[in-house]
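Presented sequentially are two complexes of chain A, the first with chain B as partner and the second with chain C.
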Partner chain A sequence: MKYLHLVWAGIWRRPGRATLTLLSIVNAFLLYGLLQGFVSGLGDTVADTHADVLITLSRVSQLEPLPMSHLAQIRATPGVKSAAPLIIFSGAYHTARPANFGGFAVDPDSFVATDTDEAIPPQDIVALKRTRTGVILPARVAAQFNLKVGDRMPVKSLMWTNKDGGAWPLDVVGVYASNPKDLFFGSSILANYDYVDQARTQSTGTASLFVVRVDDPAQAGQVAQRIDAQFANSPDETKTESEQQLVADQIKQIGDIGFVVRAIVGAVFFALLFSVAAVMMQSVRERTPELAVLKTIGFTDTTVLGLILAEALVFCLVSAAIGLGLAALVFPLAKTAVGFRIDVGPVLLAGLGLALLLALISGLPPALRGMRLSIVDALAGR
Partner chain B sequence: MSFLRQIWAVSAMSLAALPSRAGASLVTVVGVATVVGVMLSLLGIGAGVTGALPRNDEPGAVIVLATSGAEIMGSFSQADVAQIAEAPGVARGPDGKPMVEPLAGVIVELESKAGGTNNILFRGVGPAADRMSKHPLHVFQGRRYQVGLHELIAGRRAQANFKHLDVGDTVMLRGTPWKVVGAYDDKGGVDENGIVTDADTLLAAFNRTTYTSVIVKLDSPASFRRFKDALTSNPQLQVQVKPLGQYYHDQLAALNGLVSFVGYFVGGVMAVGVVFGALNTMYSAVDARKREIATLRALGFGGIAVVISVVLESVALAIPGALLGAAAAWLLFNNHDVHLGGSSFPMAVTPGLVVLGLVWALMIGLVGGLAPAIRAARLPVAEALRAT
Partner chain C sequence: MALVELRGVVKRYKRGRQQVEVLHNLDLAIEAGEFLALMGPSGSGKTTLLNLIGGLDRPTEGEVIVGGEHIDDLSSGELARWRARHVGFVFQFYNLMPTLSAEKNVELPLLLTHLSGAQRQKNVAAALELVGLTDRRKHKPAELSGGQQQRVAIARALVADPTLLVCDEPTGDLDRETAEEILGLIQLLNREQGKTVIMVTHDPKAAEFAKRTLHLDKGALADAPSEMAAQ
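On to the complex of A and B.
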């Protein structure tokens, strides 16, 4: 610790070069923080799913509807606590600049029974039951379009055409706080199943999927098999998966994001390593006489090694901290853009670990050189 | 001494001395190589997506879709198709019948060769499909499906991505076995990642009565407005009409935009970092040549010649870096299959992208060289000559 001043002075010996190097490290860690934060956010989304919730979809594909007659059989399956039919109702609001949002048409009572987070206020559910064309909005969507309870909201569904004119004239009956822990339902608009099903031009009498809540999360696997077995070899075979599996699959559908991010981060740090190592080496070479003087006045070889390594460590950690700090500042913005929560702690910790590694690899060769310096040769300029 | 000869002499000197500064110079080369490599790889995904546009650019071919806009979500009954066929501007075939082709599309899940399952588009087309397209699907192996039988043909990319799609295989779809009787290609278009059968056979097998979209050939591209107005003003139809080429383009535009944004964003941020590294390299190069530059100045060489020589050195380091990065991107990822949004595309590191990489490197070299160059030109001669 008592040498900290010396270390600090060594770092800022050439202020211009130090600043440029600092900026390039800050830059690399900012990029790392952003990309890795995004990936870890996806991972958290998978981890946040409910253990007692299963999703029953058509085995043909996720977009193939299932007949409503399945619902009674699913409810009667041993181990099933409740089941709810849903129609995927993603759409866009008719404004000058339409923006898409996720949505579902739900049967209010059965949906509440499967909603483990109880995110929807009970009075909103009551209002939705009362108003056939009602819709409950997540706060995010309500704020985006400046809508409040009582407003008319004509929605253009990405999937379903209204028999009566194409768009869906919905009435806002409630607004709920978006639930960032729930990728599927946490920020979706919720309309009435009966209204959408009867007014759509096709697929009436079907559901896009069934949400199933089981009695015992430990038995979820067996319950899923039992549900699928009932419909085996029928034209409408089902595929029942845990919410977690489904979320993981959906993320996989986007592409192998993990690989892309690892490749980019790897390339960035490869270049950074070169750059920092070259700067450290050059700095030690220029200071050869100074290091020799330090040794002359009694600094041991190990202390000199330690001084140079400490310089690399302090420099890399400070720069990395700035870069990661900047990334952490950007995360809240990113959260509203991508719509899921990002837990920054582990990403920042891993980033500091990376900085440590960077410092050791780039600092060790010049530190060894400093340690092996012979006083006489160095002072003689040989 | 002429100005150009001055530049030439100073630049040649600085470049000749490059090997003595190999360590620091390598930083720029490696830095630029990684920026260009990463950026071209990311943009190569976008180029692959664009390259996968179907080649059906037949002028006058239009698609009629549900207002919701998705090819597979429409609902057209036989009566709807008949109404569309009677709209003004529809071309007539040699047999005098209107050239209208209802399509049926469903998304099905098949076992992926990479493990697990993945979505694939199962398209049903009518007998007139080939007449409608300038480039009909080309069956390169096996034969076409027979109408009424559960037979299908598989696209080349679909065969590469999914199990059980080789000619002769049987694949289970919605509880029914389908025989793969042929394989087709489509000049590398995105339609190669699909399976195709007869529209009515598909509808029957999937228990449906309505088609999902309708392709129409117009008598001339100029009839588009007339045809579109007739359909959109028909209260019995809730449809939108788009030229076929534009529809396909719109489908991929969003994906392409996102991928390009990521590519330019990452490339931009990385480039900023590398500029800092290049600045460092060039400042130390100028430092190392302090006395040499002062001597030249004392001999009467101009400041501009010195500036240009330093910038040239910086660019000379960046360009090989860019070529290295482009070569790495090409070797690693050209034609590499990338899975994106449930479909798959071969990445394409195109010559255009390589040129973009070179431009990027040139910018990095210029920005990274300019400030050190100006410092070099401003060195006080007397002081610099005394420098050690």
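On to the complex of A and C.
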């Protein structure tokens, strides 16, 4: 600690250069924190899916509906605890600033039987059953559109046309706490299956997908195979996947995000490594006479090595902490924007580890130069 | 017994492919409490001799004994610790840390000791008072005159209470009046505190402050050690 002022003075010997270098490191770690946080959030989302939930979709396309007659066969499949039909009911609300949201039309009773999170209050389910045009909103959507129980919410469905030709006039019967861990139901509006199915102009008597809850999560794979085997070679073949696989597949549709992020961060840090190392080397070269004086006074080679390494460490760690701190401030906003939580701790720890590595790699060559410095040559300006 | 003793010291440097012998079989004894001026033309080996005595360099041949210790036998780390304990250095261009205040510059040698922060502060204050710079302790070198910077350098050289004060052209960058002030201060340290001072200088007037003057020419002592020119 007694050398700290010496280390700090060495860092700020040239304030302009130090500030610019600090900003470039802050920027790199802010980028790292945000991108890595995003990837980490995606990973957590996949990991947080339910092991005992399967999703049955059409083998042809996720947009191809399946007949409701499948439901009884799925429920009768050995290993299936419950199954529920869902119609994808994503839409937009008519406000001055139209915004899209996810949604499903569900059969309240069977939905409750398959909903492992039990995030929807029971009284809201009862209200949905009682109100044919009812809709339960996640808190985020209710807050976004300033809606409360009892309000009328005319929804423009992105997929289904109402037989009346206009928007779907839904009545808010409940608001539930959004669950950012649940990609499907955590932030989706829930309407009545019967109402949507009967009032739509096409595909009546079908479901977009079936949510299946199994008795034993360990047997989920076999149960999925059994379900698909029943509909093999039929006009409506199915593809049953675990919720986890489905979420992972949906994320993969965007691309290999992990690889893209690693490539970007890798390129940024590769460039940063050289620039920080060059600045450190230049700084030590400029201070050759000062380092020689320290050695003259009695600082050992090892102490000089330690001082220069400490400079690199303090500088990189402080800069990284600022960058990661800024990223941590942005995470809550990112959570609102992307709809899933970001576990900040591991990202920050990994970031600090990276800063440590950056400091050691960029600081070691100048530190070795300082250590090997010949006092006589340095004082003579050679 | 002499405080500093050089026996058969030879120093050769490599310059390109050639080896240049800077000091030739040099013998020298400096008593404790002496104020010795080393004079001679450029390239005569004055600074090389000073570097050997101060433990900044090693002889190619021969022995350098200071305070009874063969410093030419010490490892690099041991030599650094030995310098910290026994030698104070004053340079022509002050060689202060530009980013540190006067008191932080003076404190540098004490960082290598086990003294507490409070004790270090006390010693620094005493050293700055000795050189008359108490009121300038918070100033950085760029805010001080050349003479004041050299005083800070002297305070830094003294603060760890070394036996030996090694000065390489300490007034070479100062005007006559300031130079005399600095030399007077060094002389005072020699007389009042008993510091052994070895000073390299080109300036005969500066050498007049020393008790003894030796002339180096082409790597050899021009005056025999016995021919003391006591002040």
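Basically, the second predicted complex is superposed on the first by the 380 of 382 C-alpha atoms of A that agree within 3 Å, B and C clash if a C-alpha of one lies under 4 Å from a C-alpha of the other, contacts with A are read in each partner's own complex, and residues count from 1 in each chain.
Rule of thumb we're sticking to: a residue touches a chain if its C-beta (ideal position, glycine included) is under 8 Å from a C-beta of that chain, and two chains touch if they have at least 3 such contacts.
Quick caveat, the model's predicted, so the values are computed rather than measured.
**Q** For the combined arrangement obtained by superposing on chain A, do chain B and chain C clash, or do they fit?
**A** Partners fit side by side after overlay.
**Q** Figure out whether A:A9 sits in contact with chain B (first) or chain C (second), or with both, or with neither.
**A** Once the two structures are laid over each other on A, A:A9 reaches chain C alone.
**Q** In the overlaid three-chain picture, which partner chain does A:T201 touch, first (chain B) or second (chain C), both, or neither?
**A** It touches chain B, and chain C stays clear.
**Q** Looking at A:T21, would you say it contacts chain B, chain C, both, or neither? Reply first, second, both or neither.
**A** first
**Q** Answer with first, second, both or neither: which of chain B and chain C does A:G298 touch in the superposed model?
**A** Only chain C is touched by A:G298; chain B is not.
**Q** Count the residues of chain A touched by chain B and by chain C, then name the partner with the higher count.
**A** B
**Q** Based on the superposed arrangement, let me know which partner A:Q230 touches: chain B (first), chain C (second), both, or neither?
**A** Neither chain B nor chain C is touched by A:Q230.
**Q** Have a look at where A:A271 lands relative to chain B and chain C in the superposition and call it first, second, both or neither.
**A** In the superposition, A:A271 touches chain B alone.
**Q** Of the partners chain B and chain C, which touch A:T161 in the superposed model: first, second, both, neither?
**A** In the superposed model, A:T161 contacts chain B only, not chain C.
**Q** In the superposed arrangement, which partner chain does A:L63 touch: chain B (first), chain C (second), both, or neither?
**A** first
**Q** Between chain B and chain C, what is the shortest CA distance in the superposition, whole Å?
**A** It is 12 Å, taken between the nearest C-alpha atoms.
**Q** So which bits of chain A does chain B touch that chain C touches too?
**A** Residues common to the chain A contacts of chain C and of chain B do not exist here, since the sets are disjoint.
**Q** Which of the residues in chain B come into contact with chain A in the complex?
**A** Listed in rising order, the residues are 23-24, 26-27, 30-31, 33-35, 37-38, 41-42, 66-70, 72-73, 75, 106-109, 116, 118-119, 173-175, 206-207, 210, 238, 266, 269-270, 272-274, 276-277, 279-281, 283-284, 338-342.
**Q** Can you list the chain C residues touching chain A in their complex?
**A** Of all residues in chain C, those touching chain A are 47, 51, 54, 56-57, 76-77, 80-85, 89, 91, 95, 97-100, 104, 108-109, 111-112, 117, 156.
**Q** Contact residues on chain A for chain C in the complex?
**A** Residue positions touching the partner: 2-3, 5-6, 9-10, 12-13, 289-290, 293-303, 375-376, 379-380.
**Q** So in the complex, which bits of chain A are touching chain B?
**A** Its residues touching chain B are 16-17, 20-21, 23-24, 27-28, 30-31, 35, 59-64, 156-162, 165-167, 201-202, 233-235, 237, 239, 249, 252-256, 260, 263-264, 267-268, 270-272, 274-275, 278-279, 281-282.
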